[in-house]
Amino acid sequence: MTLAEIAQRIGCDVHGDGSVVIESVAPIESAQPGQLTFLAHPRYAHFVATTGAAAIIIGRNTPAPAIPALLADDPYRAFAKALALFYRPPEFFAGVHPTAVIAASARIAPGAMIGPYAVIGARTTIGAGARIASHVVIAEDVAIGDHFTAHSFVSIRERTRIGHNVSLQSGVKIGGDGFGYTLGDDGGIMKIPQIGRVVIEDDVEIGANTTIDRAAIGETIVRRSAKIDNLVMIAHGCEIGSGAMLAAQVGLSGSTKIGQYVRMGGQVGCAGHLSIGDGAQIAAQSGVPNDVAAGSTVGGYPAVDMRVWRRISAALPRLPELFRRLRRIERHLDLAGE
Amino acid sequence: MTLAEIAQRIGCDVHGDGSVVIESVAPIESAQPGQLTFLAHPRYAHFVATTGAAAIIIGRNTPAPAIPALLADDPYRAFAKALALFYRPPEFFAGVHPTAVIAASARIAPGAMIGPYAVIGARTTIGAGARIASHVVIAEDVAIGDHFTAHSFVSIRERTRIGHNVSLQSGVKIGGDGFGYTLGDDGGIMKIPQIGRVVIEDDVEIGANTTIDRAAIGETIVRRSAKIDNLVMIAHGCEIGSGAMLAAQVGLSGSTKIGQYVRMGGQVGCAGHLSIGDGAQIAAQSGVPNDVAAGSTVGGYPAVDMRVWRRISAALPRLPELFRRLRRIERHLDLAGE
Amino acid sequence: MTLAEIAQRIGCDVHGDGSVVIESVAPIESAQPGQLTFLAHPRYAHFVATTGAAAIIIGRNTPAPAIPALLADDPYRAFAKALALFYRPPEFFAGVHPTAVIAASARIAPGAMIGPYAVIGARTTIGAGARIASHVVIAEDVAIGDHFTAHSFVSIRERTRIGHNVSLQSGVKIGGDGFGYTLGDDGGIMKIPQIGRVVIEDDVEIGANTTIDRAAIGETIVRRSAKIDNLVMIAHGCEIGSGAMLAAQVGLSGSTKIGQYVRMGGQVGCAGHLSIGDGAQIAAQSGVPNDVAAGSTVGGYPAVDMRVWRRISAALPRLPELFRRLRRIERHLDLAGE
């Protein structure tokens, strides 16, 4: 593909020789001849002069480089579009593999790709365009929309509801029992039956080995366009707002509600029964014990307003110094230390 | 089922019309006609007047609601019992699926339900009433008691011992190699062979994608009635006391011993070779570097007595203020700051 | 095996009766007659007098015990070698199980052990001595070296490169999509195609349910002899240095580079695009927001020099006291508090 063709397909302007042939894309620091790269962050600007790339995507205000370039309003978005031109999707089995165990009462739209050793339960329905890898287990009474993608070792338990265009990476576990116990009449531990289900709306993507438990009663809900990274834990009865983004290893305790477009960094933990308002941002590894207001940015353990957490973080290393200075004052004033 | 029938089966008294028919159960804020709900936490008391539920389980001292009610000594426990009346268990394959690969020397009690593509190794024994989903792999020389339940993608490695009434959610991995290395004679990294095993006692339940490593030597032990949530890591040589409850994403380093009825919140991390005393409680996301005394409650990073941690947490946001006040005093006293 | 034979095979000197027969090995506190134990840490020295073991491995300077002993320069290393004498490897299927689904174009060196229900994709190559358990899925265009071991439910996605002597515990997921999104032209969330791959060099071992995502572009790399524990998250574009050791539940954000022989405790989290220098050590549960210099030891949240973090940790519980002392001084000086 020539640079000019790429420009046309992703909506950029060409600076320099548009006839250069691009075979693949690469990071700026390792790009070679024949490769297209990009500059989206000033941190990497010093590589522009030295990159081996054949061409580069840059912002319209970036100084013109020596190599051919594509000028974009948003070079990162333009690069994402360029990547799509070179993306080679994984191979799914064409048709239904003879080893797939599909219940007679399951209804799967024609044209589905279903790999070896997949298991699909009774009365489950799956929409058009499904791509189901080998070793995917979908239990009974599940309803799944169109354009569903599941990689190997995905488990979807009974009665789950899944919308359109949902994509699950390997090892995702949806609909397992929530973690609910109380004391029984005999004083022993009594399991609370988990009779609810999981609902996943359209355009949701979920990362490898993430677990989403069914509700004790009612529903655990992941709303439209939410994106969830690997090894995340979503406990029973949670609700994840539309467009929310949860980075890897986030853990939500039971019944916590995450608003729309909330962003959580990796390893954030939230207590149960919380409400995290729309658009809130939570810094990585924060521990959130209380509700978070819409639009706010919090961080720390326990989490507080991010500006406060930054000041705390800066002050913490000086804590030992504080004691020394206090002692000096006490000595100066002839006040005995405690 | 009528409300009066439910009352009889779960041991409650009826207040109001016992003839109302209950079809399912639901949370108080979303319950509809035909549904039974409950009030166990004052936080939700304001929903009693507005709930759409047909009936409600309440404590004996709660003011009588307008709708029919079940009066319980412990409304949460009563609700758990009511849930059991409406619980529909997942479907397991009736009998042994023809695709299950079972070693000739394995001994499995009659009546087991074993799903498609399960694999059971040589000399392994499984007790009565087993429910083994599709894609469960149990290696050789494993011994499992009665009433065992394993969901898809559970892996149980060689020589594991499992008691009665044990239940494993999808993706649990038991008996993998512990993480043990030392320096070899050549100065390189040398793996320490992990020759021990995992022992799981009766009535244990383990959540999705949790991993429990075998001991380097001896045993990693999970004692009777311990409950372990999703994505928990139990390292080689740990011992989990009976009745202990570990919330999601807890991580225990090697050889740590957790006492009876210990409770850990989500994402707690414990250093290795620790002893956590009986009945100790550890707040979510705590980092525990030292032994914890029986009966104590700790929190924080590093974890300290919970009352101390609460005071620290309250004081942290005022840390920058401390510096200002200190500087003011130093100026007042004409002491140069450090 | 007699103690004298063990001594010869692991390079120790015998103290006392070398004819005693050793049947297995055990921890010092639970060892029985017929068992060999070891003392590597003074913490356990008081068990030497009371252990039921038949013999013990000790350092050359340890006082001679009453029972027969093996004297070693490094008793822990000697014990690791002794464990290897008693290690019984897991059973893999001898040959290729008839249910394995192997693409016609895959090339697998003769002698491979491949278990039931394994799936191997088109054009994938696997070297000599492979041991592949049941339910392992290796996608298309993967290249794997000699002496590869994979336990059940391992998933290796398309185009992954794996060196020699690599060992993967159950549930490892390699090559899933990285977590990359940007805003599309319509203001909605747009997925960034993840077109890169994962490269794993020789002698790498990876623990159960760990996930390693493919790079968006270029490669996610795990270099020679790196050891990764369970439930670790390695995001797209990371590079793990040779000999690095990452304990359980560590999480690395995208494009972070970990130097050679770096050691991370459990639950450490690293922000993205960081550089962690060679030989750095990071204490368990630390949150690392910035680059870490080679050879340094850091800890805390946010992570700072370990000595500073120790002082902070010691000072934190006295934070409330600070406020009291400050108030006393202010009162003494007749300065109004803030």
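Which chain is which? They are A, B and C, in the order written, and residues in each are numbered from 1.
The rule we apply is simple: a contact is a pair of C-beta atoms (placed from the backbone, for glycine too) under 8 Å apart; a residue touches a chain by one contact, two chains touch by 3 or more.
Computed from a predicted model, the values in this text were never measured in an experiment.
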Check your understanding: When you draw the chains as points and link the ones that touch, which shape shows up: line, ring, star, complete, or other?
Key -> complete
**Study point:** Same vs different contact residues, chain A with chain C, by half of numbers used
**Key:** different
Check your understanding: Approximately how many whole Å separate the CA-defined centres of chain A and chain C?
Key -> 24
Practice item. List, in ascending order, every residue of chain A touching at least 2 other chains. Key: 99, 117, 135, 153, 171, 209, 231, 249, 267, 301, 316, 319, 322, 326, 329, 333
**Study point:** Contact set on chain A toward chain B in their complex
**Key:** 99, 101, 117, 119, 121-122, 135, 137, 139-140, 153, 155, 157-158, 171, 173, 176-177, 179-185, 188-193, 195, 209, 211, 213, 216-218, 231, 233, 235, 237, 249, 251, 253, 267, 269, 271, 273, 287, 289, 300-302, 304, 308, 311-312, 315-316, 318-319, 321-322, 324-326, 328-329, 332-333
Review point. Within the complex, which stretch of chain A touches chain C?
Key: 25-27, 30, 43, 74, 76-77, 80, 83-84, 86-88, 90-91, 97, 99, 115-117, 133-135, 151-153, 169-171, 203, 205, 207-209, 225, 227, 229-231, 243, 245, 247-249, 265-267, 284-285, 301, 313, 316-317, 319-320, 322-323, 326, 329-330, 333, 335, 337-338
